[in-house]
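Across the two complexes that follow, chain A remains constant while its partner is chain B and subsequently chain C.
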Partner chain A sequence: MAKLELKGIEKRYGNMAAVSDISLEIASGELVCLLGPSGSGKSTLLRIMGGFEKPTAGSVLIDGVDVTASAPENRPTAMVFQSHALWTHMNVFENIAFGLKLRKLSRAEIARKVDAALDLVGLTGYGKRSPLRLSGGQQQRVAIARCIVLEPKILLMDEPFASLDQHLRERLREEVRNIQRELGITTVFVTHGQDEALAIADRVVVMSVGKINQVGGPADIYAQPQDKFVAGFIGAMNMIDGHVSSGVMDAAGFKVSVPLPDGEATLAVRPEKLAIAAQAGGISASAKITRIVHFGAYRTVEATTDGINRVKIHADTETVLEPGQDIFLDPVHFSVFKDGHDVFRSAAVSR
Partner chain B sequence: MKIRASTIVGSIIMLVLIAYVVMPIATVFLWAFAEKWTYPALLPTEWGLKYWHTTLARADVLSALRLSLALSVTVTLLSAVICLPAAYAFARMEFVGRRTFMMSFLAINAFPRFGLIVMIATLFLSLRLVGTFWGIVLVQLLNTMLIMIWLPSAAFRGVDRRLEEAARDVGAGPVRTFIRITIPQAAPAIGAAMLLTFVSTFYETEGAWLVGAPKLRTMPMVMLQMITGQIVVQYGAVLSVLLWVPSFIALLFARRVLASNQFAKGFGA
Partner chain C sequence: MGSEGTSTRNLKGLLLIGPPLAVMVCLLLYPAGVSIVQTLQETAADGSVSWSLARYHRFFTDPYSVANYVRTVWTTVVTLILLIAICLPIAIYLHFTRSRLAAVVQALALFPMFVPGIIVAYALIRYIGPNGLLQSLLEVVGFNSYSSPYLTPWGPVIGLVWDHMPLTLLILTAGMAKVSQEAIEAARDVGAGYVVIFHRIILPLMVESLLVVMALNVISLFGSFVIPYMLGPASPEMMGPYMLRTFSEVRQPDFAAAQAVITFLTCSVFGILYVVMLTRKQDV
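Our next item is the complex of A and B:
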C-alpha cells in the first residue's frame, strides 16, 4: 500500500519532449490506467516511475520519499513488461525466485513464497517448466508472479497483454484486477486499448503527445470528455463540424442553440445518443440511411445528413430500417467543442 | 535418361576437389597408423599404434603439450575477462568513435602479423619478457581480441534489453545482471568464441616462436620440427592427427553459432 506522486515530470530527447508537464497523484491501492495512442509518452512515463528513464525535470515520490535518482533495483516498484521478459535460461521457479534470492531469504521461505505466487496466478505445479514451453498467457502470468512475489509497493504494467488474443486478454485483465484488489497493491497499467482501460481502471489518465489530456473515472471520461482528442479517442463519436451564428449552431442540419460567440464549432454525439425518429422535431436533422451493419445485440446504422456528413447511430434490432430510407436524427445528449475544448454540454445528462 | 554434359563436368570438378582436399589428410592419417609402408604398396603394409606410444612417451612432446595447454587456458580465460566487458560496451553503449574503434580491430588483423610480432618481440626483449610464459601469453592475447570482442558483442546485442531491465527491476545491480542474465543469454556465442580462441591459441606459431623459442616450445613447434627435421615420418603424422581433433570439435561447435548469422550481425554493427 503506497502512494505514488509525480511532480512536473518532463523527459526530453534532444529537442523532442517525450513527456512534459506531468503531475499526477495515485492513491494507495488504486489501479490507474495510462491510456493513449502510440507515441503519447505513456510508456516513457511508466519507465520513469520504474527508474528505467531519468526525467529531465520533475520528481517521483513513493510514500513521500523522493526516488527520482534511484536505480530500478533500489525502488519499491516492480514492472511487468509487454514482452514478458522472462529469463529463458532459468525455469519458472528460478525466474520467480531470482529476486527473493537477492534478498537473502532462506531456501524454505523462497520455496513457500514462489509456490504461493504460482498459486495466485493459477500456475500451481509449473515451477520446473522452461518459460519457452509455456503459452503466451502463461508466460505473462509468470511475469506477474515474478513481480508480486517481491511484494512491491507499486506494480507497473507496460501493455502486458498486447501480444495476446482478445479472449485471453479479457480473462487475464480480470485476473489482474482480482489479484490487484486482493493484495491492495497500487498499480499503474499502460495500454492503448480504451476498452481495457475502461474495464479495469479506477481512474484513467488519457494522454496524447506527451501530455495529460484528462484524468477521471471510466464513466466520467466516457460521458464527459474534456477535449476533442479524448472525445474521439475513447469510444465512438460522431464529430460534425458546424458554424455558430447569433446563438444557434448549424452542424449538417442539426440546429442547436448554444451560448457561444459566432464562429466555427464541432458537435459531438455518441452513436448510442442519437435517436432515430420518423418525424422532425426539436433539434433533429433529416438523414438518409446508407448502410446497416448487424452486431447481434444491436445494429450500426450509417446515414448521411445534408448529403455529405456521415454519422453512425446505434439502433435496436426491431425497428424496420432499410438503406435508402429517409429518417430524422435526434441527439439525446451531445457536446460542443470549440478550438478543441469542451465548451458546451447538453443539459440532458449534465450533473 | 540422358546424362547432361554439365553434370559430367561438375562431377569431374568435384572429384578433383575431393582428391585435392582429402588426399593429403588421408595420407597423414594413414601414416599415423602405419608401421611399415614401402613404395609400391598402395596402403601401409603393417598397421599399428607403435608410433603413438613412442610419440606420446617423448619428453619434449609431453612438456610441449603441458605448456600449450597451460598457455591456451590462460590466454582464453584472460581474454574472456578482458574482452567480454569490452564486447558488452560495444554492444550496448553509445560512445564517440565506437565504430572506428571496432574497425581498428579489423585493421590490426589485416596488418601483416609477422611484422607486428617482430616489433613486439623487440619490445619484449627490453622488457625481459622474451622466453617467458607471460611474454607468450601477452603476444597471443593480441590475436584473440578480434574474435573475443566481435562475436560476443554481436551476441550481446541480440539479448533483449528488457531481460536486463527485468533483472534490475527485481533488485540486481548492473554487474550481477551482466553475470547472471546477459552472459547466460549470450552463452552459445561466448562458448564458440572461447573455443575458437582456445584452438587458435593452441595452434598459434609465430608469436610463440618469436617470443618463446628456444626456451619454451609449444606443440605446433614440436610438430613442425618433427615434420621437417626427422626421417621418421610417423612422429609428425601422429602429432598432426592428435592436434586435428580439438580444432575439428571446435569447428563443429562454432559452425552452429556462426550459421545463426550472429557473426554476420557482428560485422554489420
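Our next item is the complex of A and C:
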C-alpha cells in the first residue's frame, strides 16, 4: 500500500502536449480509474507513473519519494498491459516466476508465491500450460498474477480488458476489484469504458486532450458533471442548445428559469431524467416520438422537440407508446452549461 | 455431384502443378539423379559397369579434398557467426526505432541485395586488396602494416558477409515481429535489465528465425562460388571453386559430381532443418 502523487506533470512530443499540468493524489489502497477517449493522454500518464515515459516537466512521488528519474525496473510499481504481454516461450509458471527469479528467491519460495498468485487469480493447476493455450481472459489473469506476485506498492493497469468480450470483461473487473480489496493495493486503472470506470473505481479521473476535466466518485461524476465534456462522455446526455433571456432559458420548447445573464446556453438532461407526460406541465416541451428501441428492462424512446432537436428518453415497458405519438417531456433534473462549464443545476422540478 | 466436383478440383490442381513439376523432373531431378548414380558406378575398359564407392573413398582419403571441405566448413561457420553478430543488433534496432536514421540503416543493409556478386567481388578487390583504397586510407592516418585479406581465407568471409547480409536481415527483422514492445516493457517492469531481456526474452523468441537464418545461409554459403573464386586463396579452396576446377581443368566430371553429392548431402542436413522449421510453424 502506498500513496502516489503526481505534481505538475507535462509530457510533450515536439510541439504536441500529450499531457499537461496534471496534478493528482492517489491515496493508499485506493482504486482510481483514468477515463477518457482515445488521445486523451490517460495511457501516457499511466506510462509516466510506471517509468516507461519520462515527463517533460513535473514529478512522480511514491510514498513521498521522488521516482521521476527511476527506470521501471527500479520502481515499486507493476503494470498489466492491454495485450497481456506474456512471454510465449515460457509457461504460465515461468511467466509468473520470472520476476521472482531475478530477485534470487529460493526455488521453494518461488513455487509457494507463484502457487498463491495462481490461486488468487483462479488459475490453480495452470502452471505448466503455455500462454498460447489459454483464453484471452486466462492470459490476462496470468498477467495480473505476474504483477501481484511481486507485491508491488502500486498496480497499474492499461486497458487490461479492452480485447475481451463484454461478459468476460464484467466478470474480470469484479475479480480485479476483489483482488485489489483483498490485497489493499493502490491501483490505477486506465479505461475508455465509462461503465467499467463507474463500476470499479473509488474515484474516477476524467481526461480529455491531455488534461484532467474532473476528479470524483463515480456517483458524483455521473450526477454532477462539471463541464460539457464530462456530461457528454459519462453516460447518455441530451444536450439541447438554447437561449437565455430575462432569466428564462428557452431550449427547443423547454422553458426553464435560470439565474443567468442573457445569451447562449445548453440544457443538459439525462434520458432517465426526462419524464413522459400526456399533458403539458410547468416547464415541459411538446415532442413527437420517432423511434422506440427495446432493451428488455426498459425502452429508449427517441423524440423530436420543435421538430428539430432529437432527444432520448428512458421509458418503462408498460406505458403505451408508439412512433408518431405526440407527447410532453418534463425534465425532472437538469443542468445548464455555458461556455462548456456547468453554471446551473436543478433539483427535481414539480411536474 | 459432390464426388464429381472433387475430381474436377483435383484435376484442375494437377493441371496447375503439372507443368512446373514436369520442368523440375526433366531439368533438375532426372539429371541430378543420373549424376548421383554415376558417382556410384565404375565403367571398365570393356564397357561393363560396376557399383563402387571409390570416388567417395578417394575424396575422404585425399588430404587436399579434405582440406577443401574443412575450409568450406570453416568459412561457412565464421561467416554465419559474423552475419548473426552484425544483423541481429541491426534487426533489434530497426524493430524498436522509428526514425530517419533507422530507415537509412535499413536501406544500407538491404543495398547488397541489388548488387550482383561478381561486382561485389571486384569492388572488394579494389577496396581491401593490396594497394587498395582501404590500405591507402590507413596509410594516410599513419598505419603502414596493413595486410590485405584478399586471397586469404578471410577474403571470401568478408565478401560472403556483404553478400548475405540482406537475406539475413530480412529474416531476422521478420522474426523480431514476435518480440513486442510490451513484452520487453513487461520484462523491464518485473526488474529485468537489458542484458537479461536480450538473453531471456529476445533470444528465445528469435530461436526459430535464427534457425531459419542458419539453414538458408549454410545452404547458400556452403555451395557459394563467385565470391570464394574471386576473393579466396587457391589452396585450400572452397568446394564451389574446387568442383569447377575438378570439372573443367582437371577434367574429372565424375569426381566433381562426387564432390557435388558430398556438398549436397552436407547442405541437405540444413535443408531438412529448414523444412522442419516450416512444418513446426504451420503446426502453430
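Quick note on the criterion: the second predicted complex is superposed on the first by the 348 of 351 C-alpha atoms of A that agree within 3 Å, B and C clash if a C-alpha of one lies under 4 Å from a C-alpha of the other, contacts with A are read in each partner's own complex, and residues count from 1 in each chain.
Just so we're on the same page, contacts are C-beta pairs under 8 Å (C-beta built on N, C-alpha and C of every residue); 3 or more make two chains touch, one makes a residue touch a chain.
Predicted, not measured: the structure shown is a model, and the values here were computed from it.
Overlap between chain B and chain C is detected when the two structures are superposed via chain A. Touch criterion not met for A:S135: it reaches neither chain B nor chain C. Using the contact criterion defined above for the overlaid structures, shared-chain residue A:S257 touches neither chain B nor chain C, since it reaches no partner.
Of the two partner chains placed by superposition, chain B and chain C are both touched by A:P72.
Looking at the shared chain after the overlay, A:T319 reaches neither chain B nor chain C. Of the two partner chains placed by the overlay, neither chain B nor chain C lies in contact with A:T124. When the shared chain is aligned, no partner comes close enough to touch A:S23: not chain B, not chain C. Residues 50, 52, 71-73, 77-79, 81, 83, 85-89, 98-99, 102-103, 143, 146-147, 150 of chain A lie at the contact with chain B in one complex and at the contact with chain C in the other. Residue ranges on chain B touching chain A, taken from their complex, read 160, 162-163, 165-173, 176, 180-181, 184-185, 187. Within the complex, the chain A residues that touch chain B are 50-52, 71-73, 77-79, 81, 83, 85-89, 98-99, 102-103, 143, 146-147, 150. Against chain A, the residues of chain C that register as touching in their complex are 178, 180, 182-183, 185-193, 196, 200-201, 204-205, 207, 284.
Taken together, the chain A residues at the contact with chain C in this complex read 50, 52, 71-73, 77-79, 81-83, 85-90, 98-99, 102-103, 132, 143, 146-147, 150.
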